[in-house]
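Please go over the structures that come below.
In the two complexes that follow, chain A is the common piece, with chain B as its partner first and chain C second.
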Partner chain A sequence: MKPLSLKISIMPSKPAKLKIIWLQGITCNGNTHSFLNDPSLGVLLDSVEFIYHPLLPCNLTLQQLVSKVPKSDILIFEGAYKGDFERAGSEMEELLIALASKTKHIISMGSCASFGGIFKEADPEHISGILFDKENERGPLKKMREKIITLSGCPVHPKWLSFVLDMIRFGKTIAVDEFRRPTELYAYLVHNGCLRNEYFEWKVDSEAFGTKEGCLFYDQGCQGPYTHGSCNKILWNEISSKTRAGTPCLGCTEPSFPKRELFATKTYMSIPAEMPLGIPKRSYLALAGAAKSFHIKRLEERLLK
Partner chain B sequence: MARPTKEERKISIMTTALKLFSKEGFYQTTMPLIALNIGMSVGNLYNYFTSKEFLAKELIMYIANILGEEIRRINESLISTEEKIAAVVHMYFKIAQERPETIEYFLRVYLSNREVFRDGCEGMICVSPFVTEMMILFEEGVRIGDLRDQDFFSAFGLFMGYLGGMVFIHGEKILPKPLESYEASISENIYYALKTR
Partner chain C sequence: MITHQLIERIEGEAVLDFRCDKSGRIEEANIRFLHFRGMEAILEGRSALDALVIAPRVCGICGHSHLIAAARMIENAYTNAGFTFTISPKANAIREITLSCELIQNHIKWLYLVMLHESGKLLGEEPSVALKALYVSSQVNQLCALFSGQWPHSSYALPGGVTCDPTHIEVMQALKIISEVERFVEDEVLGCSAKAFEGHISSNSLLSLGGDFGKLLRQMERLELLDAGKSHGRFLVLGDNAGCIANGVRGAANSALVSEDSSQTFAEGGDTYAKNALYNGEFYETGPLSRALVTQRLGITSLYQHYGDGAITRLSARVDEIVYLISHVRFLLSSIDLSQSSFTAPSAIESISGTGVGIVEAPRGSLIHKARIEKGKIAEYSIITPTQWNLGNGTSDMLGVAQKAMIGAESIAKASLIFRTFDVCSVCTTH
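Right, the complex of A and B next:
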């Protein structure tokens, strides 16, 4: 009997370059700028090919994109959706649906594309995300929900996008939550990994923005305990986050973004109107009351004297 | 007759100690005096409570639990904020009359001898079940628009200071009428002081 010949490959074969279309709805370009700040952008660009991107070199102009409506591996949509909003003379209700139906994966890039975001405030009735309108699933691409990955955030961290692109490129399954956000990125709260957690535990408030000490939850409106995102795990510019720098989390990854009075914590008789996610009110108040009874000198002093 | 369990014995000690502390004060009440009133040896008493201070802390937590449970029951009932306030006033005065040592202990021992409770009962730790329910009463009142939003302690001080004061002057036999006859007007005063304008 002829022995079996096994060919063992040490390195996995290099996947083909992903063909991407980056389409913009009503946007401030924030997610594009965030993407361009990815320190690994060069490596990423070696693995993808932009059929169209509003800023990067690409194969087609916007006019050609609109007239050809090419196939793609991934359609990235940045900005809020409004049916009669035009790009190169083509209304979104036609252009987006046409490009979406000819792609394998759709990435909803940023909070405006995901839930309506800031731009929805201007015309709440007609502006939405591509799959969700705030928390309601009634966007124009609801029939294609299974191929949509939501990357909410204002803006999206560039590493979150490169994570999703890599997962798609290597054919991996991406686990998602109820808003189709990858759980690998959004199962965490912004509160997780915050350097101020000890101040939160002992109820020591921050007195001003930009300081290293104190918790931003009580007086500065920090949404970290309610907000899903890995901002304090995958750091911004690889070094920091809002809460680390001394400004509160604004809850930008949630459908409720933007809330009113971004820098104030709503209270009823000094008690936070919203409890940290999943924490019963009695438990929170009992623990908070106990913690407030102590004065921890170390936490009331400046870190760097 | 079955011998009382250790827990039952402990409650019996606390009940006697509560009466002595609230009548004689913290410093006049000694462990031998408590043991004498229970009919147990001083040595045995220390098997249950390792010090007078420890016993005093257990007592305030015991009282806070009683009050907390009562207010929790009121908080969870389907009545208006105004009715809840009246129910808390009624409950407080009822306890003050039926078990006066409970409120007396709170006012005359816990609040008057803070040095005893400094270590282990810092801030509101030992009265947490009671204060937590008062927080919930106020927070829910503001949330549904019945009460005016303000600092918790401004409202708490007004509410409990008023009740404590009334019970105190009742204990001093200054009040010309029975304590319960003031319930309706006091409830109304508290509600009108706290309600939305």
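Right, the complex of A and C next:
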């Protein structure tokens, strides 16, 4: 019998599953349902274990989570933060801080958790993200900033989350931007990969919604050229994106979300008030002027006749 | 003595306050919702079109219904202000396809994550993650995204139509997905063809169904709950194919008879954030069972004649709706005319002052968005969600729908399961 037990002991042991707690603040559950869209969910669940999740089967009830306040490897927080917002009778001011201080990594899941988002609008003074309040770093977890990864977006793409979970699992360093968003996901703009890019280059605007042709940046309020996110690289539901369905990018990954008048482009002397990211107005005007002076017949016609 | 039971996995939580007799039988049940976000206040002051972005964020599982309700509300405001514009049959069909997808994925998640899971737990089993159901839900959402760009939280429906302009590529992909979903429903959910399922309903042999739905019904039978959960037998549909049933009589529904009652809310000294929705001053049930009965879908209508509005009828209606919607989506996809326009631009929103009402049949029932618009800006916004009808908290002489269904249950655990047959959504109820 001895050799057998020896053999077992030298076999590489299966790595322990990462223990995750998914806690919700003021939320619509959109990130939860977006996460469930991940077609590789089964593979993901082979390597992680939800100690608590608002929808998936898990070990603890909410009541038990609140009374035990267990340790975890990763705390995912979905929804906006308000100190006196309660889950199972426990205020976020205590519960979030306690769970956060007993975990190794924190993922700020969605734009509400990251910057305050839509729900901040109801009580701007008291509602914020967990690290940022809009673009200001003054959230309740600012002392723990180094272990926070921000995944902004309304909602977050399931593959953005599973990418971060995998990076943590493999012990890799995640490079982040000034809002602690992974640069490999957020260095791209929503504009990158948009099927309407050629119309943008040649300044051909979309005359109306509901067509395949024209760029939505000039009239329809598209924020793609200055919104960080890989929506047109890692497609939504594996297949599409807002701009591919003719909807303007609404800027949902940015601290400024939600802006106002979302389906119209603010212009100044008929020039978009906000420039594509990092492009000086003078450069934009020079190129736009040149592009507009040409009439490219192909781009002015219907794509499919 | 009152026992407080925290109900979770319902898109947030609810608290049920039970008073039981000595044997544990439920004598009184109160339903409370303790979270409130103030969606209506967030909408006020904004451009009416911003509602198409804000309103879907009421709810992560039925946000698309809120989008369509908001779009219809604005369209209705245009009409009331004297503007006429048309929406092409194509745009209408696309909206109906995406909305149907939201209902299908919702019902599948409810069946597996809620009903099979919770009834199994009550029988001492530890059900694992229903990965196959989540995978097929993601397929349904993919079908939706072919037109809406993404699910959840799309804003692709605007007053005047839809933003997408699909080609046959999207339509053919969608047809393929709906066939896959149909195969899942027949192989896994029903264990037989849709036609054979109809036969099982009409021959009253649902308990011999082979699939997971048959398993659920047998679990409910073991718990002696198939016949439980009877309520008022009053049904309401205010969206498409509107109608109502009371005292066994079917009639037209008139949205002017809808009212909200906030007497139980914190604002008026009560202990919940949820307002009750009433029709003609009374509690009515909305949702799949109401839709089946009001449109007289054969199987569910005969099941109702046998069992009344007990759990077996309510559960079957939701599953039957999946079957119905799959064939409906296929019909819409097959008959769509892509040469029509996707969008007809209305006059500028700034030219609109007046009120608008938009009503949609959402997964859980009739959803109403109402607003007063002043020069294109939202002056007042009011949302009534399906769960406000079904989960209303009444008084002992006027019980809410789910409240009445829970009274008489043998235990708190069983009453809580009956509560879940209504497909509870916390975030919608208080919004």
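Keep this in mind: the second predicted complex is superposed on the first by the 289 of 305 C-alpha atoms of A that agree within 3 Å, B and C clash if a C-alpha of one lies under 4 Å from a C-alpha of the other, contacts with A are read in each partner's own complex, and residues count from 1 in each chain.
Heads up, the rule we're going with is that a residue touches a chain if its C-beta (ideal position, glycine included) is under 8 Å from a C-beta of that chain, and two chains touch if they have at least 3 such contacts.
These numbers come from a predicted model, not from an experiment.
J.: Identify whether chain B and chain C fit side by side or clash on chain A in the overlaid structures.
T.: They fit: once the shared chain is superposed, the two partners occupy separate space.
J.: With both complexes superposed on chain A, which partner does A:244 reach: first (chain B), second (chain C), both or neither?
T.: second
J.: Just chain B (first), just chain C (second), both, or neither: which does A:177 touch?
T.: In the superposition, A:177 contacts neither chain B nor chain C.
J.: Taking the superposition on A as described, I'd like to know which of chain B and chain C A:285 touches: first, second, both or neither.
T.: first
J.: Who contacts more of chain A, chain B or chain C?
T.: C
J.: Is A:273 in contact with chain B, with chain C, with both, or with neither (first, second, both, neither)?
T.: It touches chain B, and chain C stays clear.
J.: I'd like to know which partner A:41 touches here: chain B for first, chain C for second, both or neither.
T.: second
J.: State the minimum pairwise Cα distance, in Å, between chain B and chain C in the overlaid complexes.
T.: Across the overlay, chain B reaches chain C at a minimum of 16 Å between C-alpha atoms.
J.: Under the contact rule defined above, give the chain A residues that sit at the interface with chain B and also at the interface with chain C.
T.: none
J.: Which positions of chain A touch chain C when the two form their complex?
T.: 24, 26-34, 36-39, 41-42, 45, 54-57, 61-63, 85-88, 118-119, 121-123, 154-155, 208-212, 236-247, 250, 252, 258, 260-264, 304
J.: In the complex, go through chain B and note every residue touching chain A.
T.: Touching chain A from chain B are residues 122-125, 128-129, 131-132, 135-136, 138-143, 147, 149-153, 155.
J.: Would you mind writing out the residues of chain A in touch with chain B in their complex?
T.: Residue list for chain A touching chain B: 267-271, 273, 281-282, 285-286, 289-290, 292-294.
J.: For a test of understanding, state which residues of chain C touch chain A in their complex under the given definition.
T.: Touching chain A from chain C are residues 6, 8-9, 11-13, 34-35, 37-39, 41-42, 46-47, 49-50, 52-54, 57-61, 63, 91, 109, 113, 117, 126-129, 131, 134-135, 137-138, 141-142, 144-156, 158, 160-165, 167, 173, 341-343, 345, 427.
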